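Alright, structures below, take your time with them.
Consider the two complexes below, in which chain A is the common component and chain B and chain C are the respective partners.
After this line comes the complex of A and B, so read on.
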């Protein structure tokens, strides 16, 4: 077994059995081991857990969350404060995407919408019916996500506004606009091509999985191998030193918020396609899941520490946890109590792991 | 002058194996002003922190009225009648003057937690008036000038009615008039039988005010006794010492004619004023000054980390844009910051990533901007060898695992990967051992031999004399003098930094009273 330590690509020390607990605790794959142990422990009680149908269910829930959580990871590494606007970006992009590509708007439901007669009509949105409806919708959704990210980034980096406030206001504002535009109605009749993103397969692989994995793999690559990635860590670890070294810290901050906005838009695309609608309340209960997955993954809330691969494990642990709690037939408030406690424990564990790693002696 | 009130017996204190104080023995009498002087880092603050209960001593003891005095914290010191007026203000900008003065002990309505506002305003007014300060007790602190804030801090300490007051550089932010007022207060306190420990870099003030004086150097008492036995010249020579303890590597090359860096009329209100100098090719230019002289601020403006209101910086005749570190680096500027931990290193990541912080774009593939880790590692190994960095596995060990000296080499190393033409170094030898210092000087010499210009800021005169070709002396944001190599003497440089000749005007007001 080749265990790795958090910051290290290789270990200089010889490996002994006595070190095992510490090594596991400090391992990059700690959350993965935790997930495996959790599944093995629960299997006798919930045999359904590993049923193919359930695995499919787990996966389909995991892919959109992975996209969202990865964007959050970028922000957490640089800022240390979560981007709270992500779920509202989802809602707004979902609505805006549906507005431009839906094939039919019921006059009874939508005639009171502020967009009625300009952008939407009975015969659909501006891209409705064209061969580019799906592509147009996706591009518009991604652009909205990027624009809101740009707005957040500029507010934080250039106007020096507190990141917590900027994104908390965004959390409220974008969701309100998402509700206002369609007057709280879900927008159905999305083009078939778009719906296929949610349900289609390429061979044995679902399109959602492909999209989320592609995003995660490129995110991992960008963070670990590129100039931008190295600068993201430097800015997160020590912004003062980064500035002295000529790193454009303001641009880095704007960029990570844009990544977060883009990832929120991708998550929104996956959810909207699966639900076959543009939904003004989309994501309203997801914020804790996104941040919780990151905390469980060990992404530091002090900034500077984290990897997309960790986020990947964190997302799966979180989804399996939620799934197993559902199977235990617990009422929803019990599920929330357990979820909350686990996130809290994970935050404590992060402190323990950090301390343990600091006790390490370098020779 | 009364009986002995306080005695330090064999006080010793080390930080990380370095002795900051070694067997300090001093005696203070009741009702005297006791001047405590010494260079930056001589141990004055450490000694006062021990007295104020902020730090414990390693060895030795303090006797207060012949009883052993062992403070467990600042509150114990207060209870024993010792008040510390710090150089950095411990005030609340969002509260009024009166509230700041009584923050430790608000009078409240009986049996309730409600503060008797009128009472504290009245008390503060009386106190300020008795001290001759024209400050409104209801004014918010943030609306006051720096000197007035300092006076509030002093008033706050005096409201505690202590027996021993420690004043640490109280005049740095005061105007001449406020200084005169403060001196009158100090003399009045002495007449009331209070003991005052007065720490200052302005030796003329010490000479005028103090009854006794102690000179510290390198954590030892170099001399103490009645002020009559200490002329200013004697104080300076005791502070700087006569001999060179350190060895410096020989610089082989001499500065060339071409100007690399030229600074014209650089000003920023409150920090620096009309700074003019130039740095030549192959030259090591030292910048000396006492704490608060504006050296670091000046360096940060030149490099482009901080803004400045007036003036220009030229690199080889080209004007350097303001506040743009990226452009400065492109033009060949490098900046080794004063504080390694705060502004130099990424403590938790491997050394190689720290070394790559500046030059990383040079190790990326075109267009894709993928980092060529192998090339970076090789180059980092070269630099590490050149610096004699004591580290194995550059790509594994985090910066925090290194000793102070080796950390400093990493900070320097990250600029060497970029081959700088002008290297600005702010206290490059702070907190590193003698061996590492020697190696740092070697690196600096080597760079100068290759034609780079080095601007070296230091608080240690000896080291500047040992290493530099020229020394600029700054004080209160201005350049006082520029010394050529043949005119280097510790006394002359110290005199310049202490603004000898300026002191008479600052204290003119009380000449008569003293004599």
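After this line comes the complex of A and C, so read on.
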């Protein structure tokens, strides 16, 4: 299959200065240009923006969000409707992972948990103190993420349930279970190996960076170089046509939800490790950041359009924006107003870019 | 349309600069970041006011950050202010666990940190911690309630609205309550009914309604925080149990914090006792300790300071009400 997508088309027209705004606007590096301009504009006001410590902060904040946003990218390309359950998948995987690998549970806090005496006890979870603790915890977290993704995918693809409702219900359901299992308590005393994922380095490179980049490169490869990736775009652009062409659209839908669940679990691993605890409220305020980063990146809310590299740029713009607003010492509501306005503008821009690129292809 | 979009982008990019033009002069002034989880109760609002005003009066530049109840956001905010070169950090953490993580970050960066009123869940990181002696204060308030219960000449059914037990404040208050329960075993019809609140009014409302339906004879109720009194009133009033002291359907009522609502309820006669934290003294204690550490170049001060507090009751209301911060705020209004 040789699928030609509108934003892949290149115009043979010569460049003119008048065309520059349109070319910049339609460029797939638009968000990158925007980020560079933004940083240059800010530098005189926030001179420490590019100092090593702040860059380290920006990077450490970006990696978990990149993992989450990448999963959302897959779902948006195929469905066009965000996976709202991602943050509650984070919460549940954070709790379940901590349950199996924590080294100690305070009886005062946890004796009323439904897991007390079976999966957890004062001397920890089932993997506590073993060499398998970190690995076991990570595998359990990833498995739970995949299973919930499978559940979402089957509900949408096989039972034809509206994606918005499925993931909205999931958002509530998984978060409630995450709260119920530890009776709202945070779970600490995680193994050192697990905590190192959030704060450790291999040489000069942080483990979180390695994990997120590995995930992003894999995602980019899958979308751009494999048959599965082409089927993802085809299903997103026109599911009926894709089905007629013999593409197993149901399996594609299930697969992208599983990718989203897996990425949510990876994000949860990174956030849980940096906070050194399993939290039943993990990610409860992150949904707008995840979706916002995708919208800023230009991942279309109409489906069928998007790239992992765009998500990468979108995440970094979003994180740099949040970081700079923090440095400007604006009140939190002003930060949210600016962030919300920019996401809103990005959504409008998506419509404009889609129309402009369609005009360029078809005229 | 495209041009319009470009104009919008430029305007949006310019917004932060315009906002920043409100004036930030960089100088050698001491800078302290005050990072709080939210200001959802009167106690936190009063604490925020006391800390920021005292700092500004001392000529300190205050950088305020509201994490909006998100522990991860608070961690990121603390890292950001460290990058800005603050001399010290004061936090009201989301919970005791995140206080530990954030304190470790400050320790590694060599920035002194003070934790206000919600102590870390363990002492693995160095910090200046100012905390009320919750157990003793709660015990004083519940002791008064028990003495009032004795005067009824019958047994009473006790209940406690428990805070988030991940917060050592909630643990201490629960312990103070149980100290009195164990002291007078002959006074109770049954073991206390525990009503979880998670420091959340909605959770508290749902659980209190369930508890009252299951145990309609509850007549001895202690809330671990005064901010839940409106919730209690909304549940008891329709049942005819929101009555003043001395009324036969009065539910013996106690709390802890010492906020403005508690002051009003004490004066109106609905409330029997409340444990009082001295928010102004706590603010001064944390600022003194942190400023001392900054002046001495101590990057990792490690000190726990206690506010001993007291109980304001119907018995000592006239003499001591102006010792309670909530009554002072009420009088100011």
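Quick notes on this structure:
We take it that the second predicted complex is superposed on the first by the 344 of 363 C-alpha atoms of A that agree within 3 Å, B and C clash if a C-alpha of one lies under 4 Å from a C-alpha of the other, contacts with A are read in each partner's own complex, and residues count from 1 in each chain.
By definition in this document, a contact is a pair of C-beta atoms (placed from the backbone, for glycine too) under 8 Å apart; a residue touches a chain by one contact, two chains touch by 3 or more.
Note that this is a predicted model, so its numbers are computed, not measured.
When both complexes are overlaid on chain A, chain B and chain C end up sitting side by side without clashing.
In the superposition on chain A, A:233 contacts chain B only, with no contact to chain C. In the overlay built on the shared chain, the residue A:225 is in contact with chain B alone; chain C does not reach it.
Legend: residue contacts after superposition of the two complexes on their common chain; A:159 is shown touching neither chain B nor chain C. More residues of chain A lie in contact with C than with the other chain of the pair chain B and chain C. In the superposed model, A:246 makes contact with chain B only, not with chain C. Rounded to the nearest 10, the angle made at the CA centre of chain A by the CA centres of chain B and chain C in the overlaid structures is 130 degrees. Looking at the shared chain after the overlay, A:185 reaches chain C, while chain B stays out of its contact range. By the document's definition of touching, of the two partners only chain B reaches A:304; chain C does not.
Least inter-chain distance for chain B and chain C in the combined superposition, rounded to the nearest angstrom, is 21, based on C-alpha atoms. Once the two complexes are overlaid on chain A, none of the chain A residues touched by chain B in the first is touched by chain C in the second.
By the touch criterion stated above, chain A contacts chain B in their complex at residues 7-12, 225-231, 233-234, 237-238, 240-248, 304-305, 362-363. Contact residues of chain A toward chain C in the complex are 21-22, 25, 34, 37-38, 41-42, 45, 48, 51, 53-54, 57, 60-61, 108-109, 183-186, 188, 271, 274-277, 279, 281-282, 284-286, 322-332, 334, 338, 341-342, 345, 348-349, 352, 356. If you check the complex, the residues on chain C that touch chain A are 1-3, 5-6, 8-9, 12-13, 15-17, 19-20, 24, 63-73, 75-77, 79-85, 95, 97-98, 100-101, 121, 164-166, 171, 196, 198.
Listed in rising order, the residues of chain B touching chain A in the complex are 303, 305, 325-326, 328-330, 335, 337, 342-350, 353, 356-358, 360-361, 364, 368-371, 392-393, 395-398, 401, 414.
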